[in-house]
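Worksheet: the structure to be examined is printed underneath.
Note that the chains take the letters A, B and C in the order they are written out, and that residue 1 is the start of every chain.
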Amino acid sequence: MKINQKLFLQFGICIIFFGLIGILINNLTINLIRTGLGFNFSWLFKPASFALAEHPLPYTSSDSYAWALFIGWLNSLKVIVSSLILATFLGTLIGFARTGTNSLLGLISAGYITIIRQTPLLLQLMFWYFVGFLGLKDNMFIQIKNILNISNQGIEFSGLTFSSEFLALLFGLSIFTSAYIAEVIRGGILSVSRGQWEAFRSLGISERKGLTLIILPQALPAIIPGLTSQYLNLAKNSTLAIAVGYSDIYAINDTIINQTGRAIECFIILLISFLLLNLLITNTMEIINRLILKSREYS
Amino acid sequence: MEPIVVAKNLTKSYTKGLRALDNVSLTVDKGKVLVVMGPSGSGKSTLIRTFNGLETFDKGEINILGIKVDSTHDERKIQKIRRRVGMVFQQFNLFPHLSILENITLAPIHVQKRRQIEAEEYGMYLLSQMGIDSHAKKYPIQLSGGEQQRVAIARALALKPELLLFDEPTSALDPERINEVLDAMRTLAEQGMTMIVVTHEIGFAKDVSDQVLFMDSGKVVETSPPNIFFSNARHERSRKFLNQLDKH
Amino acid sequence: MLKTYINSTIFFFKQIRKTIFLNLFNTIITLLIILLISVASIHAFKWLIFKANWKVVISNLPLYAFGSFPPDEQWRPATWIISLLLLSIFTLCGPEWRWLRKNLLIVWLGTIPLGLYLLYGGLGLSPIMSRHWGGLTLTILLTVFSSLLSLPLGIVLALCRQSSLPLTQKVSSIYIDVMRAIPLIAVLFFGQLLIPLFLPLGMEIDRVWRAIFAFTLFVSAYIAEDIRGGLQSIPNTQIEAANSLGLNQYQIIQFILIPQALRIALPALTNQSIGLFQNTSLMAILGLVELLGIGRSILANPEFIGQYIEVYVWLACVYWIVCTIMAVLARHLEKRMTINQANF
C-alpha cells in the first residue's frame, strides 16, 4: 500500500515536471524558429572578428570563437589564481590580527572587515578601477629606471606588464575575499580550545610560534572547508570583470551573444566552464586536505 | 479480562545472526501494568517501540486494541494505533520551538481535530494533574528534567490514550528528580491506565506492576508477578541481573 | 572617591600596556599603526572638507532615493520605504501579543501588494511604468521581493532534496548544485535574455520582474542549502515523538520540521538577504538604474564627470549603513528567537 502510494505520487510529480519542461521547451523552439537562430554549435569555428586586449596565448581577430573562449577561460584562471593567493595571504594576516593580543590591531582589522563586507563588491571594483588606476595622474605615477613603472595603463615590472583592468580586478577581488577569509581563519582559531593556548604558554613558547606551530595546525580542519567555499565564491565573483573591461570567460560570452545572439549555446558553454572551474578548485582543495591529513599520520 | 496488547512470536534481526527480538510473545490485559526489565541491549526498547510502529519486525504479529499488525507494517493501521497509544521517551523529546501548552495541544488539535479552546482547557487540566500548570507558557529548555518528563507524560495523555508506553522514563533524570516522575506514573496506574514500562526502578516495579517481564538477548527469559520475580526469580539469569542491580 | 578614580585610571593604562605595548614587536606595530592612521585621517579629513565637491551628491539626493520617479509622485515610494522601516521596527520592538505575532508574517507579505500598488499606480493613483523606478527604492524593492519569493521556493527545494522519492530528490539536487556553481551575473544576464524565450508568444514581462525572477531562482538554491542544514540538524527523536503522537508526514513537516529548521538556519538566512541587498548592485551593469546604476548615470552627466571618488564614497556609505541596519536587526531577531527557544 505504502509503496503503491509512493509510486503514484512519483508518477504524478513526473507528469507535472515533464509537462512543465515540455511547455517551456515548446515555447523556446517556437521563439527560436521565430528569430531564425535554431540551436547548434557550428558557429564556434567561425572567425570571432573582435579584438582582445589581453591574451596569454597568441590571438588575432581572425581566430575562431572557440579559441577566443579558450583565451577567456585562461584569463579567468589567471585572475582567479593570482587573487586566490593574494587573498589568502591578506586574509590570513588580518585573521591573525583579529584574534591576536594587540587590541588596536584587532580593532583596525574588525573595521576593515566590516567596511569590506558591508559594501558591494561591484562598487569596490569600480572604485579600484576608476579611482585607483584610471585616476592616476597622467601616464606616469612611479617610474624607477625602467624596472618598475606604474601608470594609468597598469604596472610594468622588469618586462612583465599587468594591465590596469587586471590589477583593479586583482585588488578588488583579493581585498573583498580577504575579509571573508579572515573570518574563516578567525573561526578556525576560535574553534581550538582555550586549553591549548594555556598549554603552550605554560611551556614558555612565544605567542607567534605557538600560533603557527600549535594552534593553526589544529585549526586547519575547520579552516579548509571554509576556504574552499570562499575560493569558489572568488571564482564566481571574478565574472564581475566585465565591469572593468577585463576579458574573462563571462565577458567574452557576453560579447559573442551581442554579436551572434546565441544566448542558449553560450549559457551552456558558461555553465560547463564554471563546472570545470569548480571541479578544479574543489579537487585541488581536496588534495591539499588529504596531504595535510597524511602529513599528520606520519609525524 | 480484555487483552489490550497481544504479541505473538515477534522476531527482528538488525544484521544476520544478531537478533534484537527473538520469538517474543506477551499479553497485557486492560488496566494492568507490565514492567519490562533486562540488561542494556537486551531488546526491551525495541520491543516497546514495535507496539506503536516506531520499529518494524520481521516475523510474528501484534494486536493492539484489536488492531492487528504484521511484518508488512501497514502505515494506516499503525496511524490508527498511534492515535490511541501514548508514548513517553527517555530523553523527553519535547518540541523545543513550542511552549509547554502548545506541545500538549498540538496533537489534539491537528490529529483529533479538536477545537483549540477545548484542547487548551484539557491541556491545562493535565498540567495541573502533573503539578506544573504554572509553567504552561514557558518553553521546554526553561524546565528541569523532571518537569520536562511530566510535560511529556501530559502530552502523551492529551490524546486520551487507552495504553501508555514508557521507554526508560527516569534514566535521563537526576536522582533527586526521579520520584516526581514515578509518583505521576503511580497515580496513573491507580486510575486504571494500562501501561507498559521499561525501567530499572525496582521499587516502582514492586509496588505498581502486575507482571514483570525479563528479557535477555532478545528473548523473554521469564514473566512473573513482582513478588515472585524479586524474591524468588525462576531463572538463574534473572537472579544474576537482580544481584547486579542491587550492587549499584 | 578620588583614590578609586586614580586606581581605575592606573588599571586602565596597565591594561593598555598589556594589550598594545606587550613587547618590542607589538610596540613597534602599535606605533606604526598610530602613525599610519593619523596620516590617513589627516588626508581623508582634508579631502572631505576642502577638496571634495559634494554638489554631485547633494543636488541629486532625490535621484539616489527614487530614480527618475516623477517628482510629484515621489511620496509614493517614500511612503512604501517608510512603512517597511516602521514594520521592521515594530517587528523587533513591538508588543508580544499572540494574535499579532501570528499575523505579522501576513502583514509582511502584505507589503508586496502595497509596494506594487504605490509604485505602479492605478486605482486612483496615476500609473507609472517600471522603467521610471530607480535608486534606493528599486534596490530595496529587488531585495524585498526576491527574498520573500525565494524563501518558500528554497523551503520546497530543501524538502525535495531530503525527500525519499528519487526523482524529486535528483531533480532538486541538480537544480541546487547547478545554480550554486554559476555566477550570479550570468544568472541575471541570462535571466534578462532567456526568460522571454521561454514564454509563450505575446507574453512579456518587464526588466524589473525578470531581475526579480532571476534573483529568486538564484537565491533559493542557496536558501535551500541553508534550510537543508537546519533540517539535518534536527534530531531524529523529534520525528519519532511526532510520529508517536499520530501526526502524519505533512503535519510533521509543517509543525515540527520547518519551524525548527527555519530557526536553526536563521543566521544564515539573514546573511543571504544582506548579500542579496549588496548583489542587487549587479543590475547596474545590466541596465537597471538602482542605487549603483543611478550613481553611474550621474557620473555620465557632463556636469559631474570625473567625480568618481565623491559618488563612490557616498554610495559605499549608503550601502554600508543599510547593511549595518539589516545586520543589527538580524542579530536582534536571532537573540529574540533564542531567548525563549531551546537548545539549538
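Following the convention adopted for this analysis, a contact is a pair of C-beta atoms (placed from the backbone, for glycine too) under 8 Å apart; a residue touches a chain by one contact, two chains touch by 3 or more.
Owing to the predicted nature of the structure, the values given are computational and were not obtained by experimental measurement.
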item: From chain B, the most remote chain by mean C-alpha position; value: A
item: Pair with more cross-chain C-beta pairs in contact, given A-C and B-C; value: A-C
item: Centre-to-centre distance between chain B and chain A (centres being mean Cα positions), rounded to whole Å; value: 56
item: Centre-of-Cα separation between chain C and chain A, whole angstrom; value: 22
item: Length of the line joining the C-alpha centres of chain B and chain C, rounded to whole Å; value: 48
item: Footprint of chain C on chain A - complex, ascending; value: 6, 9-10, 13-14, 17, 24, 27-28, 30-32, 34, 101-105, 108, 114-115, 118-123, 126-127, 130-131, 135, 236-240, 242-243, 250, 253-254, 257, 263-264, 267, 270-271, 274-275, 278
item: Chain C to chain B touching residues, read off their complex; value: 237-238, 240-248, 251, 255-256, 259-260, 263, 340-344
item: Chain A contact footprint on chain C (complex, rising order); value: 19-20, 22, 26, 29-30, 33-34, 37, 164-168, 171, 178, 181-186, 189-190, 193-194, 196-201, 274, 278-279, 281-282, 284-285, 292, 308-309, 312, 315-316, 319-320, 323-324, 327
item: Residues of chain B defined as touching chain C within the complex; value: 52-54, 79, 82-83, 85-87, 89, 91, 93-97, 106-107, 110-111, 139-142, 155-156, 159
